[in-house]
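What follows is a short report on a single structure.
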């Protein structure tokens, strides 16, 4: 018998727990040649802002041991072009599209939430709070529970769609961040975004990235992400989406055991554009071979 | 396309420069000169990212196995510069690779009547051979090849065998003229009729070539390199500044998807740091 | 001409900037067969406590992509056996020995500092503050600037030897931690200790480590460590010792460029016990080939 | 010792079980049965840590190169279970490995008069062959080899060629008796004179063997496995509980340095979770 793979993130029913992470899967269409998008649990878009954004100067990426740094600088087409050029495609595919977005003030977040709420093709929204709050002198929303809560509250007021907050790992106490977001009305949490890091070129004596620092992703960070998913999911009542270095179905299942209801595949899609599709298939094969009738049995099933 | 490929041969042509032939699926024969591949050099995570390589050649051969008929192959020409290329150089016939490609936009041949001028610096020759093979059928083709030393000038005989006239310059004068290949290019450009330039090589060479093309009002296509993670327009890691780029009006283009070949007019050529150069 | 490789950490003059990290080089003697200990800038001992400590149950280590987790649990022989059995060996070698130590109360830290101060073979001390403060309900000294400062103040009162504080990377703001320690009288800072992380075994559905979580080390964390060294060294006046994923002389030199005065080699000594010695040699070769007469020219020489 | 070693041969003996012979420096010939190696299976960082393997055999042979004289070699017998062992299995003659060893404390032969009983489970046979070679010179040696199925029983002929009497048990009865090798062992132990047991294999087998040894009051040395990072007593990752271990009085011993061979009396044998088993 075919096992149940569906899971729920707030009111969004996903076909299966496997989504693609923001910024690593373009707007989805780019990957249509490499896998059947309809087999995915969901697609998270590249992070959107009110206005198009140029992003950072180059070099923007560099490889590290078991990972990569990126300082793309949130280059994106902006919400208007997104609606005009990218959204129509979503009518042709059968998977949940979740829009990732960010602002530099609470008001920008709120306005974007309102815009996204009006797009029927968008099933929910993922709020990236790893951005500096320009109004408050650059303090990062994602490292201050009160600032994060303010963003979530404002977003919550503008939409009835599920609001997923994506947490930054660059904090002492990720559980405090998680609780603040839950309290402020988040329907789910994505854990984790990239870890701030740096690479240096000895020959030029310069940082490799034009932006000096960048975000570390890839299998190198998986153990850190697993730890944070475990900590957060034990502390909150809302679903947690596990992200960080997932390359295989085994990795994805480990995140479910740690407490994640769903996962997102990021950097691995660069190495193999079909990764997320393969993980869906292998996850199903695993359930069948283990005689597990419902993937939800695994969520948080870690024995400690 | 994503495919598993078998190494057919892997030979060191000159110290540190290798030529690898591998199997490819039949549709690969339709790839364009200037397009590239993303190769995963190991199944493991070190190195993690794929490595980009131009297509040096592609074609078909008849196998000795009766049932197989003809086999499509592809070739790359590569220089060992780091971990990934060192691992490539350690591969043997029969080893397997995972390849994405053909990717990106290749060269546009343009009007067959005009003369075609290829400018290659060092390993930048790699994509030009495949291009030359296409162009020699209809046009006069000249190659200007530059490099640090004679060991860095590759496959000249192969080009000549195609009927390409070749000019060589090396920094140390150990082969051809001493100096920059762009100096040699500029001398000969005067005699060229309705020429189009196709260039691939290090950024300073491309910049000089573009400058010459601009001065002589000659069309010029350049093939760029950039750090790449995905090779398919998803990561936005590989961008270069387009001609309309200003700080308040960004015009970034993906080398992997909108390139790697660009018309030199479409790019912003800046002097010094921070720009495309 | 032989370039100068000496650097100073507080009043300690190191032959060269390359030391071995606490917990990865035993008490030093274990490695004598594999490299000439006298060629090292310094040796940091396994973390010491007042009483011998058993450490955690097993499994205590697990490999991850580009790194490893450990939850040794600070197993050590205790200060008395250290003095009796390990210290005498230090008279036979010619390198700086720095004692790493930890306590679970401020008083324990202070007492240990006093004990170590009295040992002539110990050139300085490295204070590991990544331990739970048992008196204050397990809050970790290393994530609270005030608690860290209290430890450093107490240690400072008991010794005139250089006090190096080893910072935890598991914080939102490592600069705040660094400044608090500097303020409290630290002579130098070691950056970074391991990052809290986790591994799960899908087959058993259990954490791999008996302790559930462990500390991530190895090349996977190098970019994070480099970023933190860069941030801290720009903010403080005292020397910073760079630690995290150093495998080669190039890695070590990158840490110097980022602002480190010296470095410590950790996990790499497991892979190749002679790593630290090889780095010293290759660092000297690099200076010679680049015509750099003094390694100190590289410290903080990153062009940004 | 740390040394670079060249693979001489690498052969699959039974599905998933390989035997590799490689070069070693001359002092390696002095290693003890039961000691082990830490092998770096790749120069890269994936996998990062060395892998521990027992010494299956060591010796010297005369090379065909006139100047070389005799060459010391060492052999390992290994089972492909994960990434590192899969990479070992992909190596060819002439490939290089970086090895630390011989490490740890090996078996103590004890009184030559008594009978020597070797108990090996699956790949646990590996260090016992080298031991048998040493013991057969002076003592009667019997081997009890267990495994899941006939494919898991290795090198029995090699042991017999040494003059070792062999007894086999498999879980599925496909070779020898059906059942646990420890059951066979216990039956035969009654007839043994002044026996000493030397055991290597999975923890439950070692536990059962130690229990039998205790009941019959026979000396018994067991070779343990543990996750290892350093192999030389520095990381404290590989510890097991010693006989005096209690929560308030820890007695942890390094498998890499104080072992991997222990007298069964020196260890704490616990039932169920969390212990050494």
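Labels A, B, C and D are assigned to the chains in the order they are written; within every chain, residues are numbered from 1.
Following the convention adopted for this analysis, contacts are C-beta pairs under 8 Å (C-beta built on N, C-alpha and C of every residue); 3 or more make two chains touch, one makes a residue touch a chain.
Remember, it's a predicted structure, so these values are computed and weren't measured experimentally.
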Reference chain C; chain at largest CA-centroid distance: B
Of B-C and A-B, whichever chain pair has more C-beta contact pairs: A-B
Chain B-chain C separation of Cα centroids, rounded to whole Å: 47
Mean-CA-position distance for chain B and chain A (Å): 36
Euclidean distance of C-alpha centroids - chain B vs chain D, Å: 53
Chain B, residues touching no fewer than two other chains: 45-47
Set of chain C residues in contact with two or more other chains: 65-67, 218-219
Chain-level touch network, classified as line, ring, star, complete or other: complete
Of all residues in chain D, those that touch chain B in their complex: 42, 44-47, 83, 87
Residue numbers on chain A that touch chain D, as the complex places them: 65-66
Chain B residues touching chain A - in the complex, by the definition given at the top: 1-2, 40, 45-50, 98, 100, 226-230, 232-240, 247, 250, 252, 274
Partner chain B, residues of chain A touching it in the complex: 23-26, 30-31, 33-34, 46, 52-55, 57-63, 65-68, 70, 72, 75, 210, 218-219, 247, 267, 269-274
Chain D residues within the chain A interface of the complex: 45-46
